[in-house]
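Below is a structure I'd like to ask you about.
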Amino acid sequence: MKHFTSVHDLDSLDEALKLAFELKKDPYKYQTLGKNKTLLLVFFNSSLRTRLSTQKAGLNLGMNVIVFDINEGGWKLETELGVIMDGDKPEHIREAVPVIGKYCDIIGVRSFAKFENREDDYQEKIIQQFIDYAGVPVVSMEAATRHPLQSFADHLTIEEFKTKERPKVVLTWAPHPRALPQAVPNSFVEWMRQTDYELVVTHPEGYELAPEFMGDLKPEYDQMKAFEGADFIYAKNWAAYNDYGKILSKDMNWTVTDRQMAVTNNAKFMHCLPVRRNMIVSDSVIDGPNSIVVPEAENRLFSAQAVLKMLLDQMK
Amino acid sequence: MKHFTSVHDLDSLDEALKLAFELKKDPYKYQTLGKNKTLLLVFFNSSLRTRLSTQKAGLNLGMNVIVFDINEGGWKLETELGVIMDGDKPEHIREAVPVIGKYCDIIGVRSFAKFENREDDYQEKIIQQFIDYAGVPVVSMEAATRHPLQSFADHLTIEEFKTKERPKVVLTWAPHPRALPQAVPNSFVEWMRQTDYELVVTHPEGYELAPEFMGDLKPEYDQMKAFEGADFIYAKNWAAYNDYGKILSKDMNWTVTDRQMAVTNNAKFMHCLPVRRNMIVSDSVIDGPNSIVVPEAENRLFSAQAVLKMLLDQMK
Amino acid sequence: MKHFTSVHDLDSLDEALKLAFELKKDPYKYQTLGKNKTLLLVFFNSSLRTRLSTQKAGLNLGMNVIVFDINEGGWKLETELGVIMDGDKPEHIREAVPVIGKYCDIIGVRSFAKFENREDDYQEKIIQQFIDYAGVPVVSMEAATRHPLQSFADHLTIEEFKTKERPKVVLTWAPHPRALPQAVPNSFVEWMRQTDYELVVTHPEGYELAPEFMGDLKPEYDQMKAFEGADFIYAKNWAAYNDYGKILSKDMNWTVTDRQMAVTNNAKFMHCLPVRRNMIVSDSVIDGPNSIVVPEAENRLFSAQAVLKMLLDQMK
């Protein structure tokens, strides 16, 4: 593994899972592995779990960790080539990235979809420039189209809570006041398709995810039907891919409540967080005994630590 | 001690003082105690001394320290239950706090009074939710009604500078352009009442502190009379408790100057900082030989380190 | 060396260079030197290279490092004496600085020229107050009139890339949309004058640097003539010193392009970064084989580490 931007970067998903569970059992097992190695986390966007869990993951491995909120303490970055830089952006990503790469051994980057232009987002222009110019391994802490550390943690969580070999996992769209990126659902679908779980994706018509992530999978437009017999409900909002970045529905019938959970196989409720209560999910479901959103968030620590461990191993 | 939010959380005030002085003599004595322990500092509000001294306190004990400015790098938190989260706050404190607790061993929290509603502030709604949901020890880095790390440092400072067994300590209100919380004076009064110092509180009428902090203590409305024979003058502004959050006076006669200091017993001048010069105190007093605001601030390091040490001891 | 604010603070420039190259070869050679020492970096202004390289420099030496964005997480500072503090600045630098000094062993400060008043800027009012009140060594991370860590790194870079004993080094003004401080050019000229390089400064009339930095050096107003036979081109914009803080020209003929580089001795192109592409320099030059802006930025790490090493040595 050179960089970590999707499940496909892993040399072996099985080994990665095994390592993450090993680290969960003993987080300080490799606490000298990262000695004299610096992890530099670059944030273009807000973060709670990613920011804290990835810092702690690096520290658990003995790394030095530097956090950089590039839009706060740094300079606004120009990302287009060939422009006359006479506006509000004093620095170009072409200089910033290789320079950052000189001050660390691994870079983590968070850069959300901008929803200005689907091609720009889906070509992953920002994180790709980090990969092209940084000179060191790059870890996605959520890029425009994927959030692989989240999906890895989701996988760990399902493994921990599943009660049958091949659980039914349902990704459901739910309403939200703002237009949100597709990174989490894309990445979740892509990752789940690497397992032998039964995967169902349900959303209102118009919310189809990009074909490159769905592959042969067909969406189920009837949410109640999708929920029948489910073992895990994974809720998330996203804006439309086809009518790019648009909010097509705020239908509160899609909010996950006891009504839908009743038809499941006593399903666990998952969400990547932050979650809008009583938009995405009712208080009763998220506060109920089947809500596993906090253990799911806790696993962010171990997915991050496993990824960093694997990258450090390759530097020896 | 499970959490630290007031002097009443200490198992023994005497032991705490002794420990703080021991740490001041040898700050690195317990430098391996915090190995593989993470201190996570959550700031809802600005901070200089608290931010820096608490970080350094954790580092001196060998802890990993993560600082989190929740309103800058994180998500705005909803703190009310039962709401439909369709506004500007994407995350609920009910998820954020237990998740943060999964990434650390001790949480420090700074969350000022909001002055929207006295009941909310005096019920300590924010820090109480941290205590209820974090799953790890919580240290107040100034909450709505108390600032115990400050009061602890104040106590250390008086112990160091007192020239008689039972000094006269005067807390005086002083004018300020903005409405400030009562956390510092509340906490100072509460803490001082655990000592055998002679304590006098002076302020204009209308500025009475909450009965739960004052107890039997009656305010002295005549500032000059209060200052007579004082050994320590502790100045601070606060907004009214009864007419909650209101500024009732900006009377510059209450500014601490050489005129009032002249009637004291060569009193030392104290303030928690930041201080508005020539509003709270004249340049001549704060720059004079009896000003001990800097040693007082220095002691913030040792009050914080003592508290963290006591919490770490209980994890062994 | 007590503080580091200019080349004149170094006990020996030769020794400093030697040390920096030694650290570049083996960055972890002195990794226990900074044990139990805290480096506290105070930023009044934005930063990328300085922020990251100085943090890493401290960590490489085993120091604890605390970063403080004083205008974000802290309180706005009053810097004038004698004022009634009833405005928007709740804290005075006279308290803030000695307090910060109590929480660390070395302070780094970044505080740009304000362009309100030339005397204030050129008296270095901010960093001078840090030196006067902090009680610990102060390192300039760019002050109003100098950026010595940058100049030190520039010197290292020229030493690495020079192909003759006494290269011709040309500092050229270039256009920019905003008024920028003179810190980088002042400091570069001051530092270069301590070497035996051939130094030429070129800029449009009106952009003369302060006499204290130029000394006997006379500017060359003809940019093409200045570039003839140059071995290093150091581009930078600055606002006028005489007509203080004014933009007198945005003449794009001064933008460094292949046209001017053609008359040099295959010169290397340098800039402190961030750089405005196609204002300061054309894409073709900065992306070309002679651009050494990234190695130059990398050397920021070793200039900072050498300075910290020298200051730590004096604490033993």
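Order of writing sets the chain letters: A, B and C. Residues in each chain are counted from 1.
Keep in mind that, in the parts below, a residue touches a chain if its C-beta (ideal position, glycine included) is under 8 Å from a C-beta of that chain, and two chains touch if they have at least 3 such contacts.
If you're wondering where the values come from, they're calculated on a predicted model, not measured in any experiment.
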Determine whether chain A and chain B, two copies of the same sequence, contact each other through the same residue numbers or different ones, counting it as same when over half of the numbers at the interface appear on both sides. different
Angular offset of chain A relative to chain C [C-alpha, multiple of 5 degrees]: 120
Averaging over Cα atoms per chain, report the distance between chain A and chain B in Å. 39
Return the residues of chain B touching two or more other chains; collapse runs of consecutive numbers into ranges. 72
Show me the residue ranges of chain A that touch chain C in the complex, using the header's touch definition. 36, 38, 40, 64, 66, 68, 70, 72-75, 78, 81-87, 90-92, 94-96, 98-100, 102-104
So in the complex, the part of chain B that touches chain C is made up of which residues? 27-28, 31, 43, 46-49, 51-53, 55-56, 59-60, 69, 72, 177, 273-279, 283, 286-287, 293-294, 297-298, 301
